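This is the structure I have questions about; it appears just below.
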Amino acid sequence: MDSALIPEGVKRCSFKAFCLWLLVIFGVIGFGIVGGFFVLWKGLNVTGLNDYFGFGLYITADLAIIALGAGAFFTGFLTYVIGKKELKDIINLAVVVGFICYTGAQLVLLLEIGQPIRGWFSFWHPNVHSMLTEVIFCITCYTIVLVIEFLPLILENRQLDKVPEFHYFSHNLHEIMVVFAATGTFLSFFHQGSLGGLYGVMFARPFAFRTGFFIWPWTFFLFVASAIASGPALTILVTMMVQGITRKKLVRRDAISLLAKVTGFLLAFYLVFKILDTWWWATQTAPSKGMSFGEFFKAPYGMWLLFAEIVVCGIIPAIILLTPKARNDDVLLIVACVLDCAGIVINRFVFTVQNLALPVMPFDHWEIYVPTWTEWAPTVALIAYGALIISLAYRYLPVFPRERELNPID
Amino acid sequence: MSGNESGKIRYGMVIDLDKCTGCMTCAVACQQENNVPFREDETKKVRSITWLEVFYLDNGKPYPEHRKAYLPRPCLQCDADPHPPCTFVCPVNATQRDEETGLVAHIPVRCIGCRYCISACSYHARYFNWWDPKWPKAMEEMLTPDVSTRMRGVVEKCTFCVHRLQLAKDKAFVEGRQELEEGEYVPACVEACPAKAMYFGNLADSHSEVAKLAKSPEAFRLLEKLGTEPKVIYLSSQEWIHKLADNVV
Amino acid sequence: MKLDRRAFVKLIAGGVGGTLLSPLPWKMADDTAIWSQNWFWRPSPERGSATLVNTACQLCPGGCGIRVRLIAKKNAVRIDGNPNHPVNQGGICPLGASGLQYLYGPSRIETPLKQTGQRGDVTTLKPISWDEALDILATKLRAMRQKARGLVCVSGKRQGTVPELFARFLHAYGSPNYVLMPAAADAESLGMFFSQGQSGLPGYDLENAKMIISFGSSYIEGWGAPARMQLAFGNWRSNTKGNRARIVQVETRGSLSSSKADDWLAVTPGTEAALALGLAQVIVSEGYYDRSFVNQYSYGFDEFKRLLQRNYTPEKVAAITGVTREKISALAREFSQTKPAVALSGWGQGRMQGSVYDFLAVQSLNGLVGSLNKPGGVTKKPSVPLAPWPEVVLDAISLEGEKEPRLDVGNEVQSSFPTSLFYNLVKNMNQGKPYSTQMLWVYEANPAHDLADVEPFIEALSNIETVVSFSSFMDETTQLADLVLPGPTYLERLEDVLTPPGLQYPVFGLSTPVLMPRFATIHPGDMLIRLAKSLGGGVASSFPWSDYESALKQRVEGLAQKASGRVADEPGVEPWKGGQGSKLAPNYESFDDLWDKLVEYGCWFDTSGNMPAWDSAFKTPSGKFEFYSQKMRQIGIRGNDITYLPHFEEVEPAGDPGDYPLLLMPYETLIITNGPVANPPFMTKMLFDFQLKGNDCFVDINTKTAANLGLKEGDRVTVQTERGSLEVRVHVSGNARPDVIFIPTGLGHSGFDPYIKGKGVNANAILVAQQDKTTGLASWWGTRVKIYKV
Amino acid sequence: MTGENKQQSSGLLGWVLFVLGFAGALFVGWIVFPQLLFSTKYQPINYNHSIHQEEAGLSCEDCHFFLEDGTFAGKPKLSTCVECHSEPQGETEDEAKLVSEYVEPEKQIPWISYSRQPDNVFFSHAAHVRMAEMECTDCHQDVSGQTKAPPVKINRLTGYPNGIIKMYVCENCHVRENVSNACDVCHH
């Protein structure tokens, strides 16, 4: 049964080894499910959240993985809309990663809201002024797009492909993929932006608030930029990881290098504006709200976070990615991508948690947020969920179109 | 309210911190009036629901120059145009400002508990129900039917006892009046204040007591610079208290 | 005709189409939305028409008029202030507003209980019937009638017809031991007795005062009648009414009363009286005193003056109190020149006895500036003109009982005091001298928790055969009782509520049952009448009424006969505004009319216009206000000249300064009740997290002292006095004087419900009462302490 | 040919099945579903409006009136009934039940409401009847002249009677009449 499902002409590890690997993954996922069940059953009181930290690890994780999932739409955009054919090597994986990120984010979102059974109210009674409404609508639509993008790959499974309807359907989907890529790009652009807008519009929260353009605060654009500057980095990282684990060359190096180069440019582009924004925020926006820049940073959420975000996880990876020699070195490339991804996590964390730790009323106090295991478990399970989907996809679907070519079985 | 040329209503509160004795009757009256739940341990303040919270202020000086004051903080019912920070962000329309009264309502049964509004409010005026509210069985008899009880997983906050507005209006309607007299609608905290340090009325009516007090040189609002336009105004003759009203760069 | 895949798909497609065109999905979605909002286990309060019922609050002696909002005439959902009531004028205090949490509280006692096992074991307190309970009590009382003096009744309530019935019962039964819980009122009453020759308590005309100096009283934190004080304070701070008054607080701790005053004098602990005398010295030596009063209506001024000049010059007082000479002089001038001005005494909430000399010092200051019995000054709290009951019928045993020495009297002299001396009672009960106690009744009091220096009292209980509690709640004393006879709560019973402490005009509040009693409780008044009847003889004859209501009505007839006074039937009354001699025309025609109106409005009051004139006010041997008390001499108090004059006595706190380097002082706050009931959940919720965190309460320590001791905010520490030790946490605060640690009272309950049980510690357990040798009063104010990290 | 035929017949069959599914779903959705969704309850006493109006000469307001504080009394309390029925007036079974089961033991009659709103909804009768001068029958069924108390249909899912006014109805009318549609006008 197992071997019948594996694509033709490729080699996979033994079913036993695969099962063992799955067991580990299911262990982690099981732990996450227990945590999630606890939250649903007992309520959010089992988390570290409180009236100071309305948002915490769940939202940080959500925002981070959605940003990192941007690799899907951006790679799609480059491949189908711009026409960078060499990225076809990697586009399937990018879609899978995007699918993981978005479905995972929605699962966690279900835990995060206090009344999950009313979650659908945001469609039933939407408030059009809310950035969150925009986010929820766009994410839902884009998840559907990702499912559609993922579908042909699933249908290319050796057994499924034998069903003529599926075969034609998947073929037809391939034909019109450019439409979905474009739709995805549009939707993604907006919800990545809205996620930034989510914070930028909080005009009573001096740490998050930003001036902006028309109805969009600068964070709107910065979040888009940071997402596309880090999403592809995750795609590269996952590719390198799969290659490392399988000890195979699955994607041509020039495809990876191209993506790395583009990422480097985007990161540099983002950083310029991020630094400008930080400077404007520190010298103009914050003082206009009565706050000095120094007040924003206090232990444990000190200035080191800003340094880590912009210099260590921003400028350094940008330099690596923009230097052809460096990005062609696998180790340096991985370091750069890891830093890039870490940078975006810090960015989302800072906007989510540090923003709320800050006392706005002068007689108020700093609070520190400590997540509990019920928050960690589902968050970690999210990564395991990613590993599960990628493992299954890699084993049973032709994720890497050039695998056979690059790894001929003798 | 009478004497108001424009007919506009902006209900607001004035709290005289010089008169306030820090007795916390306002906060107790509020809990009673609005079926605010309580638990055995309420000392984790970041999870304790107090629609009207009392903040502790001090001048930061050592003994015996040390001075303290208590600052009662209901929901400040921000009048920012076009939206208060909180209603603006709600994805499900669970919170809105009534533009005819200026009152910011929150409807817990509509709320999905995303807590975006909690994050958006700089005054910590919004509270999440971390637990299902539970009362000792007998105490369920002392719950008022005017305010519905909430459930776990939703946000709640001070409404300026808007149900009292409805009760006052009902009374006026049955008496054949369309308009309310000043003082007919007063939130529970204001009514209970034994030092008469709290005032309530229509800020848009220049003849009302609150409108006059709001113009006093002793008047200030919290975090004026944020542009939230709160409709709760504080009075104090103490310079150190004024300094705590807003952040200074 | 095979149902192939395609056909099946079409069937499904048709079904989906049809479903979408039917109401099913849409109605389901809508109903699901409603269903998801229901949460059936959440209480949904019953609706019904609302009514407001006026009654009187009895949670403290403050005498507020309250309104209870009833839904469908049965569910009480809110208590707020009665706007017609002159004392609180619609305002209320946090405790009063929490009253329903007592009515519906989980620590209510539902039936009489009998201890069937070891005393103190709550699980063996078993429910019994009322007949059985009263029978047990009557049997025991009959059995010990020959030793009637062995019955002691402790009342936490100082006035009203029910406490009077208790006193009457003991009198008729033959015991002299009706004892009041200790309070500042004991010192005040004694002070009035010494300086004015009459028992009674001070009533302050604060509404008319333009300057107030408070000597240690927490004037906005529970002193006097709390809601009335808040109201008065609001008026003092009023810019619009022209009522603005200047407030000076003399207190060691940076309390709210200190912070809210115009001026705070942070004196050395326990030296408030010295400062009062220092002010008196300046006023006297600079000649600012009221000559007409001092010359014509006072006695012993010269002796007083000599003492002042000798011991209380600004230099000396500055050394004692730590207040600068300049400040003392300036304040003295201001106080004597601002008219009217008044000085308040009574430490904290007035819950501790205090020294009679402290009261005399402050009262002399009032005398010097002519503020006695004058508007804006201090007078004797007027009594409510109730009709008397018939005399107690004494039989042979009770006649004998009248001659027995009181257990709360420490020596011959004290037997003529018009006050209870509770700490003597504790001592004598412990020693069984001059005779042993067989039975202890505890009414409206929780001495096992609320008594400062509580340990000796708990020890004394072991010598007593039967402890009877009349409490409605499972408090600490009730836990130690052998028999519990629960009364209804104040919202379920009829009772009178008399003029609260410190008020200058008479008030008669009527508490009426606002709803049917929730449990089968019996009114203590009815209980006593029933008990008396079952005992027969003189006791029965002394209780001729069929029930408590008729006993009460008999007394209220006195109001109907009075030509002045009104039932509070309209808002905004100000009985202090009329000036001297003012009268209020009654708004009732007959007793029945008065009673009906009292039931409806809940309160009768009269003006403050009856302050006695200087020539007739004082019942001293000299007929004058006595700076030098001849009364003290007369009743046999021995001592030197200073003994009879107001003076400052330095009290050495208990404990070796070497072992216990710091001083521990208790403090009271309005948000933690110290009454016989424990803090309600509404109030406990409002405690700051530097007052209560989890189950830990905090002591306030000065910033520098904490640094010296290496203590940080939130550190867990042990505070230890020679009486014992408690575990608390540190709150570093600018409110605390260096080397003094402040601990809140009212916490640390082991009884009551889970909302208060085990929260914080009971400071009373480690305090040591310092008894004044002459008066027997606990003039206590602090205990030496050491503090170290756990 | 046979293949074509087969295809045709199966095509026809397909359409028949489609219509069948369609009609079946419509039947379930319109007829069966409402039956399943609601349960039927009967009033504890079969109140006869007609007899009270015609023979006792009562008007609606005698039992359904406003209180002084502006609230609406709704369904009458037992005390209203007792005014006439302390003793039986006639010989009906329901009246006998009223007297024996409720009047004598002084027990309130547990009337089932036809229009009970959820507990977070606060409908002001004063605003609608006194200010907007609406007729009772604009929202409530007209029971005058009815000799039997109509049964109450209760929604099994929500627990509310089917007669309750839905929020969109309130909102539409408020929009038409230019009245505030703010949440706190009705919800607290």
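Chains: A, B, C and D, in written order; residue numbering restarts at 1 for each.
One rule holds in what follows: a residue touches a chain if its C-beta (ideal position, glycine included) is under 8 Å from a C-beta of that chain, and two chains touch if they have at least 3 such contacts.
Since the structure is predicted, the reported quantities are computational estimates derived from the model, not experimental observations.
Of all chains, the one whose mean C-alpha position sits at the greatest distance from that of subunit C is A. Interface comparison, B-C versus B-D: the higher number of contacting C-beta pairs is recorded for B-C. Distance between chain centres (mean CA atoms), subunit B to subunit C: 32 Å. Centre-to-centre, using mean CA coordinates, subunit B is 37 Å away from subunit D. Subunit A and subunit B, compared by their mean Cα positions, are separated by 40 Å. In whole angstrom, the spacing between the mean C-alpha positions of subunit C and subunit D is 55.
In subunit A, the positions touching at least two other chains are 115, 118, 121, 124.
Subunit D has residues 69, 71, 118-120 in contact with two or more other chains. Shown for subunit B are the residues that touch two or more other chains, namely 44, 56, 93-94, 109-110, 132, 145, 148-149, 151-152. Shown here, the protein chains touch in an arrangement that is not a line, ring, star or fully connected set.
Chain pairs recorded as touching, per the definition above, are A-B, A-C, B-C, B-D, C-D.
Residue ranges of subunit D in contact with subunit B, taken from their complex: 66, 68-71, 118-120, 122, 124-127, 130-131, 180, 182-185, 187-188. Residues of subunit B touching subunit A in their complex: 44, 46-47, 55-57, 71, 78, 80, 83, 85, 88-94, 110-116, 118-124, 126-132, 151-155, 222-223, 225-228, 243-249.
Contact residues of subunit B toward subunit D in the complex are 93-101, 103, 105, 107-110, 145-149, 159, 162-163, 166-167, 169-176, 178. Contacts from subunit D toward subunit C in the complex involve residues 9-10, 13-15, 17-26, 28-30, 33-34, 37, 67, 69, 71, 73, 118-120, 155, 157-160, 166. Of all residues in subunit C, only 37, 39, 41-48, 69, 71, 75-81, 88, 90-94, 96-98, 100-101, 103-106, 108, 220-221, 226-227, 230-231, 233-234, 237-238, 254, 256, 259-260, 264, 266, 518, 670-671, 681-689, 692-695, 702-704, 733-738, 753-755 touch subunit B in the complex they form.
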